Amino acid sequence: MKKTAIVAALLCVLLVVPAVAQTYKVAYIPQSIGQPNTNAWLEGMMRVFRKYPNVKVQSFDAQLKAELQVSYMDDVINQKYDAIVLQAMDAAALSASVKAAEAKGIPVITVNLATIQKHTASVQMADISAGYAVGKEMGKQLGGKGNVVIIQSPPGAILGVNREKGFRQAMAELYPNIKIVGAQSAEGWKKEIAITIMNGFLQANKELAGVFAVNDNMAEGAMIAAEAAGRLDQIKIWGANGQKSTLALIEQGKIAGTAYNNSFAQGSLIAEMVMENLQKKLGPSKAAETKVIQIPPFAATKETVGQIAAEDRW
Amino acid sequence: MTKVENGADLLLECRSITKSYSGHVVLDAVDFSVRRGEVHALVGENGAGKSTLIKIVTGATGRDSGEMVYDGTVVPMEHLRRDAEALGIAVIYQELSLIPGMTVAQNIFLGKEPLRPLTRLIDVRKMNDQARELIDRYNFPLKPTDLIDNISIAQRQLVEILKALSGKASIMIMDEPTSSLTKTEVEMLFKIIALLKSEGISVLYISHRMEEVYALSDRVTVLRDGKLVKVLDKEEISPEEIIRLMIGHKLEEKAVQHELTPKGGKVVLEVRGLTSVGKFEDLSFDLHEGEVLGIGGLVGSGRTELVRALYGADSFDAGTIRYLGKEWVPSVRKSIEGGIGFIPEERRLQGILATQSITRNIGIPNLDLIAPRGIVSVKEEDRRAARGIELLNVKPPRPEQLVGNLSGGNQQKVVLAKWLVRDLKLIFIDEPTVGIDIGAKEEIYDHIRALSARGVSVLLVSSDLPELTRLSDRVIVLRQGRFFQEFRECVLTGEKILRAASGIREGDDE
Amino acid sequence: MSHHAVRRLILVGLMLALSALITVINPVFLSSGNLLKLLQEAAQTGIVAVGFTFVMITAGIDMSIGGVVAVTSMVCINFLHYTKVPIPVLVFLSLFVGALTGLVNGFFITKYKLPEFIVTLATRSILAGLALVIAVKDSLGFVQNVYIQNDSYLWFGTSGLFGIYRTTVAFLILGVGAQIFLKHTRTGTNIYATGANPTAARLTGIDTDRTTIGVYMFSGICASLAAVFISSRMMTAMPELGLGSEMDVIASVVIGGTAFSGGVGDVWGTMLGSLFLALIKNGILKTGISPWIQPIAIGGIIVVTVIVDVWQKKLREHLEARAKLKRLSAERGRDAA
Amino acid sequence: MNKKPIATELRLAVVLVPLMAVLSVLSPRFLTLDNLTNVVWSVCLIGILSSGAIYPRITGGIDLSLGSTAALSGIVVDLFMNRMGIPWIPSILMTVVIGALVGLFNGFIVAKIKIPAFVVTMAAKTYLYGIALVVSQGAMLAILEPRPFILISTGRFLGLPNPIYIMVALAVTSQFVLRRTAFGRQVMAVGSNEVAARLSGVDPDRVRLISYTISGGTSAVGGVILASLTQQVFAAAASGIELDVMTALVIGGTSAVGGRGSVLGALIGAIMVAFIINGLNLMNIPAPFHPIVTGSVIILALLLNEGYLVPKRRTLSRA
């Protein structure tokens, strides 16, 4: 670590950054920048890092491409960053890079999705149980019966897939009388496509009781469609993530609920882990397993959403 | 033609060749033969079946029936380009078949490049050497490594010929070879043809230019409407006769000479000291109302550049222009609005919108009239199109017909129609009849005369001497971008212009 | 010196200048580790671009390359996951995917004279779907990401002698081979002829249809080859792998001086182009500027590069015109004399 | 030419009608008014973008930056309305002007500096995304206000979603401009033979400039519609839509060489593709198969168009 630090210091001199005794460079590689949750994580991290002027965070825009994330990882390794925060597009695709980084002494903390190769830590919103929680709550709201549809993530997007798995599991276990009558995937998690899909569902099912969109954005899309069709009052729409706009809509009663995850807190938690690691010069963890921190989802409904404080809304 | 002259010495013999496209017969039992080492001209209006016959001979298309014997061997029904080449049938195409971006040598040996032994790699040095040998043998002004893009049209044609010679050609078919050549270049070509002939290579020659056919051919085969009309031997060949056979009626005028009678009237265009560096220098002349002023000179003498500048297509460096007595700085838009028309040199590249209908083609320069406030009055547009078609009897007379699918003659008619449907005061015409069959030619001539009769002034640029002499009231000959000589009130003949164009001044004409 | 030679020099000059600038900002750029990675990145785009160059020289365009990459990698994943097929066989099979796609593209383009752009766009869409269909699924039918452990397959994506990545080596070999093929074989000449003047080419007895089909097959094969290297490097593949990478490929080819109108351009240019693109993308990361600004910089640099090229061309033409003028007046002098 | 494009539209109808017949047999719900409405609604964005993108295409160019332009426009209109407090109507107008200026800039580089449109607009796509990130501060912004703005896309008039009216209006206008105005004639002429057009008094540079400007303007409209529909704006919105638009154009019989094109054709093309996807959804056919079917049908449609698309484009492209 000393070596890294010295090199880092040298770099700073060259970078003509106000030369602090020891400067740390942290790489933040989300699936794409400009998404509410990825921004929230960054903000959460910054809430911590702002206290440490000697930490510089650089974001990388992978534009939802695993290939790009891989090449960013390589670059970050070459630039001898001190820590990497990674929201992997794909558990397998990034494993090699993660391994390489830790081999080079750079601790990697993954967000929401742990890569197959073991690494320092992974802070996750438990997606399967999030899906499960949604299923459970929605089932309650529907009184255990009715037709439900799912607006899926693009095929192969683990996060969405896991949420869907959890949701189906809950329905299968708890509510035998709720029928899942349709599931369609929205290319690129796109809201406008979610709207079209929802329109189709509204056509297909004269009695539609519930919708689970595997993220809030698509849930909002479903809501727009249902509202336009004038059937919003008969349909319980659920999302997952808990972004600010969705929470507002829950308060208005337009969206039934979401699996809220405090991405600010998540980000701050990650940042603290990073700082601890850097200050204690721990480097990549020697443990045999990835240290996984599961953040239990909070099912936010009209009743419970009030419990989420303004500063925790992202 | 020193060789024996009996049927036995036929290189190519076709007996009752018949070909029809979708029921429509284009060749009807045509007999055709070429002797060894003769120059044989194949003439006929467009649509007479010349090109189809050539296509069949060269294997570009198949024949429905009829026998074909080449060099003693019977040519089977399925006769492909490759087979034709193997037999030694070489073609030089009207639209040059060279590859831009490649060198002369590459083009000559395209598809049959010499390979390094035991490899499939091209032996570039060997290729260039072989090209050099060929070039030297006919001492052409070429370098094997010249890029096609950087050499003149005439030179490209030479490359075409070498391309043909590089194979073992025993007959060379030339389709309109001179259409884009200057006088001197044509003469060079003729020398080459003589040379080929002397080497015992037969030349099958297709041309619309009578004087060439006259000068060159040992025999002439005349086709009309897909039928063989007559085969003329050397002594029978005369332009009038050929034309009579081709179009069935005799031309009222002798195409060789013409009486110039100047037109007075008010000056429409007044050019003083017009100069465009490197193109033309210090040109001054007046153009009167209803006058046809011919501009003679070799290609590259600045004729085309001059009319382009006058029209506003190109800029010029010095000099003044007065149009209808007013100071005039031309621009295309201004010219059109001011009643000036322009028929460019290269019909396909500059004249027509190939993928657009006749209506649209005629409409484009008349947008100011058919769409005064930006909105096109379809009625007005169709009306003008109909008028244009009817006026020039464009065939087929279908307004929605794509101009790209018309014959050369009809394309040129459409280009002319664009201007005839609006009231003109002045029109610049550059090489109006290149590659156009006699019939269409005559029609276009009539229209030019009609224009001048209507008081429209015409500035006519042409390399076709009979054309120039017949149509002009006055002729100015340019040489190397400068004024060389003016012919007025005299009996003008083609060779007078030629001599002037080639720099021989004869004072005794004024 | 030809226009292309000059544009090459300018491109190289620009690259050196940029490299220098970036190195000043962040010396890590010049570290062997980074340069090797840079070359690997260039190679991954470049391998596809080489094939694409052939297509563009025939005045065509192949939008299906992204789809080919996706399907090919899915095919590989399947074989690695379910079978023990020897790697050489596997690679052969994967190249077959590209060849077949190219054949289909070429067939519709030549036989039915359909516009290349849309035909290949259609095949792209078909392949994109196919990739998802054949992707390895778990018991619930959800796409499952397979982690490749077959070392002899991973060999492709790793580095060998002097830490040079095998992708880079393959790129160089492919590039040099393709260049020689283009410039020094009859087929190569036919490709140029087909693009520059198809009518003439046909008259000369060149089978332009066969040539066209050929280049599309080659383009497909190159894409498949790239897929092998990329999936091997990532030790897995996703159904959407490579989709959306078309633009980078086209940019490399165009910056390299191959024209959409066909007949001009070569592989050297494309290799430079892909290197140039990789350089700015890699270099920009060293500058530490915000990811918001990065696309602005990249887009800007591309535009400027092309503008510079056009200007140098104009300048040369202007100079040539003046030289010609001199010659002309000289000749006149002689005539006068 | 007056006839040709109509012929294309007819040919497309030849594909469309049996297609709809088949779909309505396979799924009874297909031929319901609501369903058809939804399908048309879903292609509004493509339709709107096509009605402008067709101009550069006909002049032999291409505008790949329309997706980024749309995203940027959404962000800009939100900036005007919700961060500067400008009323929504002027905000939209200003946004469209900005979009047009973006197009004008592309057009300038293409027409005046003579750089291949593909490269110019591809680069534009990249840097416009960056600019959008900067303006939006990299955030995904929700638009909840003002209500009328939201209603532009979500509201209905006479039972039909408003965007359909906007799309039809734009398409019809564009088709009219293309077929019935001097400018339309000039666009076609430039696409067909630039030199001949110039000698007939057309100014190709000006025509190109305007073409790209229009494309930029309609992209902005599209961006506004999308923003109002999804009630959110972000830099990556509408990413990748340019390919859908180009597909629609080409199916609609717009050829890059030869100065041909029809906006209505493009619309029919887009709707056709949408119908297929909709039908597949109604039949609960899993997503992965959708692109396969779509791609195949596109080729089929082209084959039916063959007679029209054949013309010697290669030789012409050299002319």
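Going in written order, the chains are labelled A, B, C and D, and every chain counts its residues from 1.
Assume contacts are C-beta pairs under 8 Å (C-beta built on N, C-alpha and C of every residue); 3 or more make two chains touch, one makes a residue touch a chain.
Computed from a predicted structure; not experimentally measured.
Trainee: Among all the other chains, which ones are in touch with both subunit A and subunit D?
Mentor: Expected: C.
Trainee: Looking across all chain pairs, point out the one with the most C-beta pairs in contact.
Mentor: C-D
Trainee: Measuring between mean CA coordinates, which chain is farthest from subunit D?
Mentor: Using the mean of the C-alpha atoms as each chain's centre, the farthest one from subunit D is B.
Trainee: Distance between subunit B and subunit D based on Cα centroids, please, to the nearest Å.
Mentor: Computed value for the inter-centroid distance: 45 Å.
Trainee: So, what's the distance in Å between the C-alpha centres of subunit B and subunit A?
Mentor: Once rounded, the distance between the two centres reads 73 Å.
Trainee: Just the number, please: Cα centre separation of subunit C and subunit D in whole Å.
Mentor: Distance between chain centres: 28 Å.
Trainee: For subunit A, give me the residues that contact two or more of the other chains.
Mentor: Touching at least two other chains: 33, 155.
Trainee: Mark out which residues of subunit C touch at least two other chains, giving numbers and ranges.
Mentor: Correct list: 132, 197, 199, 244, 291-292, 294-295.
Trainee: Give me the residue numbers in subunit D that touch at least two other chains, ranges are fine.
Mentor: In subunit D, the residues touching two or more other chains are 133, 138, 240, 287-288.
Trainee: What chain-chain pairs meet the touch criterion?
Mentor: So, checking each combination of chains, I get A-C, A-D, B-C, B-D, C-D as the touching pairs.
Trainee: In the complex of these two chains, what residues of subunit C are touching subunit A?
Mentor: On the subunit C side, the touching residues are 25-28, 31, 33-34, 37, 41, 132, 135, 140, 142-143, 145-147, 230, 233-242, 244-245, 282, 285-286, 288, 290-292, 294-295.
Trainee: Any idea which subunit D residues touch subunit C in the complex?
Mentor: Going through subunit D, the ones touching subunit C are 64, 109, 113-116, 118-120, 122-131, 133-134, 138, 240, 243, 246-247, 250-251, 255-256, 287-296, 298-299, 302-303, 306, 309-310, 313-315, 317-318.
Trainee: Which residues of subunit A touch subunit C in the complex?
Mentor: 11, 14-15, 33, 56, 58-61, 65-67, 70-72, 74-75, 77-80, 89-93, 95-96, 116, 154-156, 158, 161, 164-165, 168
Trainee: With touch defined as at the start, can you tell me which subunit A residues reach subunit D in the complex?
Mentor: Of all residues in subunit A, those touching subunit D are 32-36, 39, 63, 152, 155, 182, 184-185, 187-188, 191-192, 195-197, 199-200, 203-204, 217, 220-221, 224, 227-228, 244-245, 248.
Trainee: Give the list of subunit B residues in touch with subunit D in this complex.
Mentor: 311, 313, 332-333, 336, 342, 344, 348-357, 359-360, 363-365, 367-368, 371, 374-376, 378, 400, 402, 404, 418
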